[in-house]
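One structure is given here, and the rest of the page talks about it.
Each chain carries a letter (A, B, C and D) given by its place in the written order, and its residues are counted from 1.
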Amino acid sequence: MQFNSWQTFLLMGDHGFYVFSSYGVALLILSANFLSAKIQKRKILKSLINHDKHNASY
Amino acid sequence: MLMRQLTRWIYLKVNLLVFKLTELFRVCFHVLKRDLILSFTQKFDWLNPLFFLVLFTSLIPLSMDPSPENLSKVAPSSIWTAALLSSLLSLETLFKRDFEDGTLEQLYLIPYPTSLLIFMKIFAHWLSSGLPITLLSIPLALMLFMPADGIITLFYTLLIGTPILSLIGAIGAALALNLQRGGLLLALLLLPLYIPVLILGAGSVYAAVSGLAISGQLALLAAMLIGCLLTTPLMTMASIRISLT
Amino acid sequence: MITILKKLGSPKWFYHFSHKLTPWIAFFSITVLFTGMIWGLLFAPEDYLQGQSFRIFYVHVPTAFLAQSIYIAMAIFSFISLVWRIKLTEMLSKSCATIGISYTFIALVTGSLWGAPTWGTWWIWDARLTSMLLLFFLYLGVIALHSNFENRQTAAKAAGILAIIGVVNIPIIKLSVNWWNTLHQPATLKFTQASSITVDMLIPFLICFTGFSLFAAWMIILKTQNEILIRESKTKWLKEAIKNHAI
Amino acid sequence: MDHNRNSLSPIFSLTGNNLSFFRNDQVIFRNISFDISQEKLLFVTGQNGAGKTSLLKIITGLQRDYTGSILFNKQPIHSLQEAYRSIFLYLGHQTAITKNQSVLENLQFYMNLSPKNSINAPKSFIKTQLQKLKLDHLGEILCSQLSAGQLRRVALTRLFISNEINQHRLWILDEPFVSLDHKGFETLQNLMEDFIKKGNSIILTSHQHVNVDAPTYTLDLPEGEFTRV
């Protein structure tokens, strides 16, 4: 472990803000990508199923 | 005996080639003539880019302290950016009118290589927009206190650069044909592709002004021009076919 | 050869194959990515020159590298779909765009965050960051084309042509940006290669790199599946799959 | 009545075998086949959106995104390139007339673009062709001032020119009779008869009924039965 205590880890040689925000931004965008793919899939499936139901009822 | 037959065969082949070439040349000439007449008769087709060029370059001194040493520092970049944007502006008229009334489709169906005809249209477009921009940029450079050898390099780089802009722009114009607000999208598509030309063009003028050698950059620009001359008509043909169907 | 390519490239085969594959890719990409990041954050040594801010290296460089290779992959997919008219590669090239632009954005943000402590400003016109910015614009152009056409087929073709032109332009942009950088030499510390990479820095970097690439592959598969659902909604195999919830 | 037979090789055959076409991932038509040779009229019928225009664009080679193959004299049309394009004339929905040029300039432009244009007095020749649809007084007028019907007739004059100097062997016409009065309808029908008698053929789509006494075939889209009338 490079840091002897939790405190120095958070401070990160007073570059903490930059390091943690860059990791945070990366994780944020990756999860945004994942979520948007999942939501889009649900939306498409719902419209497909309604579409089929709509057709089936004729 | 064999020699006579061989020479007659070669003579026939050359004759056919010459006939084909004159025919091709005639068709290209007619397409070029029509486009030039059309774009020069409609006043606003070829004047619009020039008005924009003058307007843009007169904005620069107004937006800063117009002392000669300041302006001459900024002159190459503002003139090159103005030339780039006005050639982007003039792309709208390249295929739009022919696309709407169906002549572009007919050009695809005549028995001659389509990429050559499209090259002729792009050449006509450059003559009616790129060349005037290059010529008009010299007095504008004087207006911005650019030193003499800078102006000569500016003329050379624009002379080689504006055809590249028209050629690459033709692909973008062809892709954006059946889009309503095509103009905005055109800028978004083409600016990243225009950046190497801008860097080399404006950079050479700065290099010339500070006395460095510019032959390397001009050679690079010329190489890009030749690359575009060979590939762009084919790409434009493919993209027009996409827009036509 | 083309017929095999066509059969192999059928959306139906791809959907079922990738449906089986996704749980594995998901698991591996998340675990590898997290081990890489934690290793980089906690266990990797600090850099003698830049101190702790060097840890951003483990995010910035993989994403910057992958952003460019995803663009190249997108161009290759579009080339295949334009020349042999294979529908699957059309959808693959479209789904590369979103993850590609996100990686470029991450690379830009982490680049400026990394530069801030060393230069004192948020953005510096240095060759690498500027060509990354131009790559971002290239991606914007492709995505704009994908979303501006009503007919998805023409949209994919038009964006494909732009991707191919873009990939030809990337080396030219790099060359001219480097030349532009040397001509107007802005006084900057060249921060990327300043410190040599020791072995115990290289391992977390490689792990992070594989983590990011697996994640990109996973996203591309998910996006392509969505695209298949949209574009193949009329086909029989898809209707049955929806009916017995095999989706 | 001796018709100067077309100088090109008299026999030609145009066959399409199991063409299918998708637009926006929807099937427009599937497994369409047809086979016409010289002196034939092919009538493509079907409601709007059944793919009539798409089929015509496929035959001209403009639309390449289809499965199946089209053979001209047993050769695929894409390998023939210019040779195939010199055979036919395509008139679509658009009139292909430039608004900022006069009628004569437009027609002169199209004549210059074709290999066969050895006409000594082009202006007077075009004027005589314009008379056939009663447009001869509009020769010098800018096309922007013409009405839609007149523009249509100027476009159709190209057919008269093509028939007169045997420019083409095949006409591909998309709704040629639209906005034509009864007299124009008659003249165009006679022109088609004359054109077919010269050993050429026509592919036509139209909502009006056309009776041209030549062997006619109908291709009904989207089912695609190819029947002899």
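Quick note on the criterion: a contact is a pair of C-beta atoms (placed from the backbone, for glycine too) under 8 Å apart; a residue touches a chain by one contact, two chains touch by 3 or more.
All of these numbers come straight from a predicted model, not from anything done at the bench.
The chain with its Cα centre farthest from the Cα centre of chain D is A.
Of all chains displayed, B has the C-alpha centre closest to the centre of the whole protein C-alpha set.
Chain A and chain B have Cα centroids lying 45 Å from one another.
Averaging C-alpha coordinates per chain places the centre of chain A 16 Å away from that of chain C. The distance from the centre of chain A to the centre of chain D, with each centre set as the mean of the Cα atoms, comes to 58 Å. Taking each chain's centre as the average of its CA atoms, chain B and chain D sit 35 Å apart. In chain B, 245 are the positions where the chain touches two or more neighbouring chains simultaneously. Within chain A, not a single residue touches two or more of the remaining chains.
For chain D, the set of residues that touch two or more other chains comprises 65.
Each chain pair that touches appears in this list: A-C, B-C, B-D, C-D. Listed in rising order, the residues of chain C touching chain D in the complex are 85, 150-153, 231-234. On the chain A side of its complex with chain C, the touching residues are 1-3, 9, 12-13, 15-16, 18-19, 21-23, 25-26, 29-30, 32-34, 36-38, 40-41, 44-45, 48-49, 51-52. The residues of chain D lying in touch with chain C in their complex are 23-27, 65. Remark: chain C residues 33, 37, 41-46, 51-53, 55-56, 59-60, 63, 98-99, 102, 105-106, 109-110, 113-114, 116-117, 215, 219, 222-223, 225-226, 229-230, 233, 239, 242, 247 touch chain A in the complex.
Against chain C, the residues of chain B that register as touching in their complex are 168, 171, 175, 179, 185, 188-189, 191-193, 195-196, 199-200, 203, 206-207, 217, 220, 224, 235, 238-239, 242-243, 245.
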